[in-house]
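Both complexes shown next keep chain A, but they swap its partner, so chain B is in the first and chain C is in the second.
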Partner chain A sequence: MKEWARKITDEKVRERYVNEVIERFRDKIIRVERNADNQWMIEIRKEDLPEVIGYIINHPEWKETQLSTMVGADERPLRGKFSLIYWISINGASGDVFFGIKTYISEDDPKFPSVTPIHPGANWYEREVKDLLGLIPEGHPDPRRLVLPDDWPEGVYPLRKDFHYTDSPKREFTDETKYPYREPPKGTAVFPLGPYHVALDEPGHFRLYVKGEEIVDVDYRLFYQHRGIEKIGENRLTYDQVNFIAERICGICGTAHALAYAQAVEAAGGVEVPERAEYIRTVMAEIERLHSHLLNLGLACHDVGFDKGFMDAFRLREHVMWLAERLTGNRKTYGMVVIGGVRRDFLEYRRSMIEKVIRELREGFQKWADQTLSTKTFVKRCEGVGVLSYKDAKRWSSVGPWARGSGRDLDARRDHPFAAYKYLDFKVPVYKEGDVLARCLVRAEEILESIWIIEQALDEMPGGDILAEWKEIPPYQEAVGFTEAPRGEDVHYVMTGEGNRLYRWRIRASTYNNFPALPDAMRGNSVADAVLIIASMDPCYSCTERVQVVDARSGKVRVLTEKELTELSRKASRGV
Partner chain B sequence: MAVTLKYPFVKIEAPPEYRGVPHINPRLCIGCGACVNACPADALLRIDDYEKGTRKIVLDVGRCIRCARCDEACPTGAIRMTRNFEVATLDRKDHVEVVELRLHRCPNCGSYTDYTERALEKALQILPEGLFDGDEIRKRAILCRNCRRKLTVDDAVEASREVVE
Partner chain C sequence: MSGYERIAFSFIAVCLILFLPPLLDGVARKIKAKIQLRQGAPILQTYYDLVTFLSMEPVYPTERLAFRLAPYIAFASAVSAALVLPYGRVIPVSFTGDIFVFLYVLAMVSIAYMIAGFSLNNTYTNTGANREMMIMLSIEPVLGLAIGTLALNAHTLRIGAIPFAVTFTLSVLLAYGLLAYSVYVEGGFIPFDVAEAEQEILEGVFSEYSGYLLGIFKWALMIKRFALLWLLSSFISIPLVRNIASGALGGALILVIQLMVLFLLYTSIAVIESMNARLRIEQIIRQNAGVFVCSIAVLVLAALGW
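Up next is the complex of A and B:
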């Protein structure tokens, strides 16, 4: 694996890829710029978007290429125009390259040709840009609202720079305010699931269109908890403060977000991180993966009614949580990663603590895996359920164990080595079946790999500083930072600004790329498995939605009408 | 390897590394506001009253995200993370700590400056001995911004006049 790590960071391979794209679209490219070590930005006209993006994503040799993130920015104060950047990453055995396909859009003509018909993975991104910036994707097959609440007034775009972050437009919640769900297909009944997931305790409303027991189609409404973090990050917070808010995007994979943000700023500002800090970051990321995968495997057991497995997995997980508490000061939201390094060092006693916990965990987990995978009720409930085909996984640009269970061979730790992963040796488990069991197996193997990574990192960890000093970050530099969170690749885009503040910050959590593929995995399954399939994606709603607005939609209200309840909840949330 | 604890029936103690609820020691706080600048969640506020001549440093634990940046920023070690983790209460006001300090009054014009008496005292204390122009700094440090500016200009005018004559 070390050989390979060296191969993919080979400069020549990268050059070949970049040259190929430049050669092919020579007359269409306006400007090419290298933003960071593995990131190239290519500026084109907006008319050429579908062609260029379609070519790179569907390139026959670059198999695991995917749309990593898409950023819309209001650059009117700088250039008088809006900008869009589609970040495409080349994964798998192909090479370590990120392409940022950038285009400018003028305010008078805020339309751009949609990429969604060519690559459905762009679906959410383009709808979000439409909601938050008012840029209209032409030819988008599903232009409904995605992020903003149903009663948000038309024509108010919160991510534009002329919208102050404390503004709150007047909203009218009437009984007519309804989300345009798709019409149920003929002969089907609607089965509502949510607004709360039964096992994950997070909000997301699903409408299952069912024929008897069978799910024919699925529609969903998410973004109930859009917190507007990106706007706060751009307006109120300094570079260092953003790191801690980034960590609180998600309650499970916080370090992955903090790390992705820190790496983005480090790439944009040219900050060199000490090697010891890279190792500590790696160990923290892996400890997070351990507890997250144990949580998800436990919940999978719970959802199939195998509560012994659930309890055992959570018992194992608790030791990892206690370990994290001793290492960082808290069970979750470690607060370890800052721009330039980490905050707490691994002292000798902490090191031996890690060794002891992971040794016991390996034994305990192997026992758990043997027990669970030989339990027929568990295997039968997971086998052949919720199949996501390779084609669908690729079509939606899926990431993480959700994609690796469907045969996609990609992992940001290996393909775009960050932190200390470039020095370490590990396998990336891939299963081709695409069912719930395959995802569970991917996670189970990843737990053992994580333990192995931590052992190596502790052995090889060099001495030295843990925090590099940095003075100033040059303004208007763009870069992306990426990590492999437990759920897949997290990408943070930053554009640095003046006065110790970001100009634009775009967060893309892994679930954002995985969620749109969910209906494909649910079709044809029975209603009883819906909860399990959703949980097997390991969704993280708050991550995806980065979103405090309360939208109450409850059928069980006795005295209050929906309108009153909404107003009441809003009042309560404001009083904080 | 049982992990179930008897808490809350038995009191448990957080480990020594734990980042719990922050607490300000009012006897050490000099009201410099470094913690306010560092706080990502706006859990700390600095409220100046130039009529009464007071500065309040307000800590709202209800907004705190326990990142411990204030702990790192504090020059006197006044704000520290404790190992306390139990914050449930029936009254939101229980979460608020207020430290009220007196603002320094300019001896020249009598208006309140934008720093506290304690901050000035601390600054004069850590001023290295044998500093070039140390006495001048001591003389100016106690003035408000306007008077300081005026004194500097007057001194410069005075000095240039001496040179010309």
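Up next is the complex of A and C:
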């Protein structure tokens, strides 16, 4: 282990954090439990949630604390109650600690005090448990629906255990079924963007309230693509199968999800991963980062009409895709990570191939960066645009390049060393400007760092097994697994269950923490930049929207002629 | 000038105006593809596209007549603008004061675009029309002043006669620069293609057009670009050879050189386009305002006889 990693994971450092919380809230804490190496679960009463969470997250001396995930679970079959866990992490290379602040909520009184007024980053999480479990955050500033579709009936909570995964409540879509968008501010017009728009790669609906071309305010509606992954994972699949579903959460950062899930199960079940497997996981995660960042930088060029940069970035990316294909058999969705290790070994003769590809990539990318950054019109478009202040990034618990462009010094690879990162040296680029250009620069530097990480990993990779044997995972163990996906920290929470199945699986993709900050970055900018700002966050909609089983069949089936369909869509667009 | 020469060159002019622009577009697309190391679409692709569009029924998002007429207005205006320019030694349509007609019909293309955009209740087309208006208002004066400076020097109000009479002074050289800039901006090339920006506003007005109406509209914009660049290419090539070219053969020589310069201009524009990103509208307006001030200074220089 490198010196920096030893410092962060030092027991004394960790205990200092934990002891301070225990000292401070001695009379409020019901139970403290250490789930895994770096994870402490602290049980409190629900009335104390805002105070304890507010204390940890707004602690003036603790660096880059943030709400990493929040899990609501239906533990009625076990304890007769619902549970909520707010997972808060300490970052900024100052100690590897995750706090799980847990509380139980009874069915008769499903209310709990909302944390959102103290920390807006909890906004989506609390709306989600309201939608899916029927737990009501009291004092939440924006209690609108988040996850469920507009025509989903009231009082049906799909993530409760008594809701079978094949159930499909009767839904009626009438003319009155409408999402309660915010009223446009006075004197503004509505500029609708999406759900389908050339420059959005996945469906998401934005309502830009504009004055002339200036964006005054933004409202959005997402979650058009729930696939019910969590519910399926809890009901139908075994631990190993879930791993492959986890990889399919996202078409871009699949390995990050698979790895986060595998690490969560390994932490919960105490599975030791062989060192060689850790290195292979690291190399795959970095290859994924390379192609993802190249994709995003290319799209940024495309969004401002600079197609030369777009094509060149994608050409460079293609070599990374080919490399992945040679190593794993797939361009994407590598299927490499399994619980306990990896599925395939790197053969020795492939090593020179990887080295060659990344060497050429470094040269090609440096050329690309020089060319793009010397294109004045491109820089002009990105500079000073879509500024997200440090305060806003922190208050929404933003992660990844989106947050690092705004001066947040956090990176799960360094702050909570996982896989083989603890054996390697690398920098975490941070920019203070907070604009689109800063985020592009963060990504550009990360590409070079990734290449450097891969080179080190190849040099230092030890021999040995690639897969640890594991027989049984003890039931009802809880843990989180975390990775630094290209878009930021991914966190998977698992609660193991009986019969080779999960009891609860909670996926938190990086975009889930980044998205709520988007309106703050868009306000005051021009409509022309809206798409660019959205792209600079590198949103991953399908990641974010994994949660619920949605049956596509509606009550009525009627075939429309082409003409009727056109008329209908026109009518609908007029109403906007 | 013989009547035959006049008829022959006018005929050639009409053919060029109608059928050359799609070829230029195809060439530009090919060049951009090559710069991006792509194979690119065939050079004739723009013709194929046009034929496809023209053979399809449009879908009407509104009942308004303005929406249906706008493409035709744009087309007619663009063709008229091209007709007052010289082809060889022949100017198909020429009369004193056609300099104003040229500017006027050129503006009409933009106005047709705006009429179409504002005839719909759609924020994308409205934004496109709005941007077109702002660009037109900011660049048309520069174009006018540049041509005006040259007209002052050549002592003629016939736009087609200017290159045959212009003498080179400091102000004329500066006016050429302004002319090149305003042609580029008015042509809506990247970084100035904000009114039809695909990623930002779904190509503005074109998001609601389809079928032959879309075809005619796109064709009209191509002809507008042709007219603008033909203006520039004439102003460059005619002064070079006007002294040695006489008779019908001389006219042919001029025409060939005009065409060569045109292709050269279009090629370099394609290169500039692929090396740039699109600007924001307010950045363009600010830049154009600066250029406008310069163009007034140039006119003053010309008035002083420099």
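Simple rule for what comes next: the second predicted complex is superposed on the first by the 542 of 576 C-alpha atoms of A that agree within 3 Å, B and C clash if a C-alpha of one lies under 4 Å from a C-alpha of the other, contacts with A are read in each partner's own complex, and residues count from 1 in each chain.
In this text, a contact is a pair of C-beta atoms (placed from the backbone, for glycine too) under 8 Å apart; a residue touches a chain by one contact, two chains touch by 3 or more.
Model, not experiment: these values are computed from the prediction.
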Which of chain B and chain C A:Lys380 touches, first, second, both or neither: second
Partner chain in contact with A:Glu61 - chain B first, chain C second, else both or neither: neither
First (chain B), second (chain C), both or neither touched by A:Gln241: first
Contact breadth on chain A, by residue count: chain C or chain B: C
Partner chain(s) touched by A:Glu318 [first = chain B, second = chain C, both, neither]: first
Chain B versus chain C as contact partner of A:Glu363, first or second or both or neither: neither
Which of chain B and chain C A:Val304 touches, first, second, both or neither: second
Contacts of A:Glu107 with chain B and chain C, given as first, second, both or neither: neither
Intersection of chain A interface sets (partners chain B, chain C): 315
Contact footprint of chain B on chain A as seen in their complex: 236-237, 240-245, 247-248, 315, 318-319, 325-330, 333, 335, 344, 360, 364, 576
Residues on chain A engaged by chain C in the complex (per definition of touch): 189-192, 197-199, 210, 212-213, 301-309, 311-312, 315, 375, 377-378, 380-381, 526-531, 566, 570, 573-574
Residues on chain B engaged by chain A in the complex (per definition of touch): 1-3, 14-15, 17-19, 38-42, 62, 65-69, 81
In the complex with chain A, residue positions of chain C that touch it: 32, 35-38, 59, 61, 121-123, 127, 130, 190-191, 193-194, 197-202, 274-283
